[in-house]
């Protein structure tokens, strides 16, 4: 489906929404606003070539790209990191905590990659065990109890595929993390800030507003993994990426994300402060739009949004 | 046994690889090497009469084995996959879909509908591994969601039988979105007071394990079924860890607390009937 | 405080309740009924001598005493045992499941001891790891979701005091099990059917109605443990038991339990069928009284009951 | 260091046993052997200036170290333990209580009241290990519950500092009932929108760990504090397992995911102030 077709589809959704009285006043106007913005962003976003898509893949994985803690440092005041899943471990591949975002208390969860070799190993390359997801779930439950909005930053090649991770229930844990986010009645804004790899990414991205940085990627499988299965050759990753289009513009086109967060020229790695400012601005914009909605309406709309995803004949 | 369209490669410890260039006979037991005619196997619910090995079970046969005669009414039978990315790997996605339909006689990797089971009304959602590795794309997700909605509307439990290699890569990110989509549907159904009974057949992996299949109020598996987020080969390649012999198998999952039990196929119908009696709203 | 003093206190509570309009009609009359019954049972129950208390300790631990599964077999139809904590293990020291009790679906959780040496070891003598309590919590959450009443059978020397149990959060898990039972809005009836040892017992006994079999014991620490600390001599267990009075009559006196369940002559071990019938009758009686109460009222009264426990000056 | 009235015996790996018949000087650092005058230690918040060892801190000093000057208003100061069982071990329980009051100047092992901390209103509940090993009987439970109620009524967070060997055996089953009782109070407070910040000092064990102390929205511990349901000696005797050196210590609990962090005593006040800013209802 081309961008034009997609735009047409969005326009159709828009006109359908306009004629719909189901959703009630405030909600409807918010949904309209959101779609209108999507249309504007879509019209502005160029359709990327295969080469440009691959550039996003490389930038999303750039070793100098800012990670969750780099944003926490710049966006959150009075930060208190919370540790542990209360049952087995404190997984360093996840950062969770509470702090103040533009004057309001929020809970924040996010994958954390390491900068140097030692920290990379310590953070397990941002690939969390089930214990990490349980830590994130615990922090989200704390947010629910105290009515704090949840911010989720996604940056992982995927959930960790180790023997212990399987034995401790990686699959079921990801399912329950999705389910918890479908149940929360506090506002949730998520943003993919690097790699949004598979179920390990979507498990903390089930949000009222899903953002994606300009050069982030969101994928059902890594390009290498896809190539290895479909072409029997992991070296065909670039070809795979061009085929399944994990870039932000395409995700917006497909209705998977709500907006694209701009990055500093050449990528977020070039200016952490500017990247953080741009990210904070986008989150603030989305959060302000939804934070006064009643929790039950928020949850109903969140589920309805995901329920509508997919294209079939 | 690698299938196009699955993001986990399915292997079984107790299965030897097919000979070079050849294809293993689907009616030869990989466990004890007994060979059966298809009607023999079918009559035995595709459980090896000699050693108890559970062969894959086509969706239609599964439904016949569970629903009371002539009570199954299929829903959304006409729903088909689209090709949102114009996906082309070694062959076009559309061609693969057409071929799968031809081979299996199914429109997609899932069949849903209403039925009676031992007289109890319920909704059935049954996956078929033979259709592109039971992979979950937009059509599979949509049909599962409709099964949830149909169950909630009629206030009956939903019985889900899964057999899936995971998300359907050819639909890219939209296939990943079937995880949150199906989970949201289960939550809506739960909020409406509904129940989900999840039966995991071989294999239930990756995206399906990481979404609705794991959210059953009661979860059981068939003997020897692989239930893993990641398959043996990827685990080995990524982590270089030594894998236990029963890695990811139903038996290991039971020991580690992830499922409520292992139910042999001939016992499945009475087991589900008991659950329906317990969870029905009549008193 | 003597039984007479205690009776006086109960009578005072009763008259206070009679003058209270706070609790609303149905509730009040139920509370009244409950207290009236307590008074009757108290008047009927003899004050045990130290020797008689020790006999209860021995009967509560009798190796032929019926265990949870013996009662399940006799009380529950269409029993389906549920396994696993969905994260790490399936602890055989706990039995959890759903089934039909006198025509209604219930969830049942209970400690399980082993009969022969092999099973005793397998069941870890009824001493559960944190994973066992998590399994019980999961089953109680299932009950809450589907509005099944919860039956809890308590029979444990205590939560398992092993290294792994500590590392996996035995203390915090017991706290959260208490907390979950304080949150449930479905009816809960618990019964101590043997040893009710310490936090590992109370963690699944926080119920609307707490029953105790005639020869069960409910203790803050084992008589041996108490003697070891206070008299520096575990051999003084009998003396300790006489001092801290873990028998059913004293627990009723102190307002800790709601009723005593009679046992067959000489103890439950003498007739499993009769013991099960007597237990089922008592549970049915209590359940019938509370099962039509609205969940929020049930929970409020449950918390108020425990809030009132204790004696101070 | 065994105390009457605790159901866990408290031991610390890094503490050598007192000499036969003698008593260890409470102002000698068990870690580095430095000796201090009491006013020196008190000025240092009872943290060894040489090695950082955290000495036990009396409840009144803890409150002084946290509350803004002259803002603490004690509640239920007159509440005392009863003796429901006429308990007599080597000495009558009443005598032990009287002696503890005489030694500590406290009416019970817990002090509660309202205060400001860095200008933020809050409720404080502080235990004192010196009063019968910080054991929890009916009076301790009741006072903690009243602290919850006071916090909920004023819509302010409750800060709990625990130091306890567990339930108070001398009150028999009523001491065990303080577990469900305090838990119910925390749940009521949570339902009212309240927050509980749990600070676990050495030792926080058995019944207190298995009830309210573990239910903090945020849980931190002091360095080296023992946080265990069962103490070393009983674990060893019961299981004959080999115990790790840091068994049950705060550091081990952090590693295993049971607490949010370890906060050194001089940092505790600013840390709590930050939490109060975040959890206060003002915006």
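A few notes on this one:
Here the chain labels run A, B, C and D in written order, and each chain numbers its own residues starting at 1.
Convention: contacts are C-beta pairs under 8 Å (C-beta built on N, C-alpha and C of every residue); 3 or more make two chains touch, one makes a residue touch a chain.
Keep in mind it's a predicted model, so treat the numbers as computed, not measured.
Contact with both subunit A and subunit D is made by C. The chain with its CA mean position farthest from that of subunit A is C. The interface holding more C-beta pairs in contact, when A-B is weighed against B-C, is A-B.
Averaged Cα coordinates give subunit C a centre that lies 28 Å from the centre of subunit D.
Annotation: 41 Å between the Cα-based centres of subunit B and subunit C. Subunit D has its Cα centroid 52 Å from the Cα centroid of subunit B.
Each of the following residues of subunit A touches two or more other chains: 86-88, 168-169, 172, 176. Of all residues in subunit B, those touching 2 or more other chains are 256-258, listed in ascending order. Viewed as a contact network, the protein chains fit none of the simple shapes, being neither a path, a ring, a star nor fully connected.
By the definition given earlier, chain contacts exist for A-B, A-C, A-D, B-C, C-D. Residues of subunit B touching subunit C in their complex: 190, 193, 195, 217-218, 254-261, 271, 274-275, 277-279, 283.
The touching residues of subunit C, when paired with subunit B in their complex, are 78, 80-90, 98-100, 103-105, 131, 135, 142, 145-147.
Taken in their complex, subunit A has these residues touching subunit C: 86-88, 130, 134, 168-169, 172-173, 176. Contact residues of subunit B toward subunit A in the complex are 2, 4, 6-7, 9, 79-82, 84-90, 137-139, 141-142, 145, 167, 169-181, 183-188, 205-207, 209-215, 227-230, 234-235, 238-239, 241-244, 247-248, 252, 256-258.
Taken in their complex, subunit C has these residues touching subunit D: 1, 159, 161-163, 165-172, 174-176, 178-179, 181-183, 198-199, 201-203, 205-206, 218-221, 225-226, 229-231, 243-246, 250-251, 254, 256, 302-303, 306-307, 309-313.
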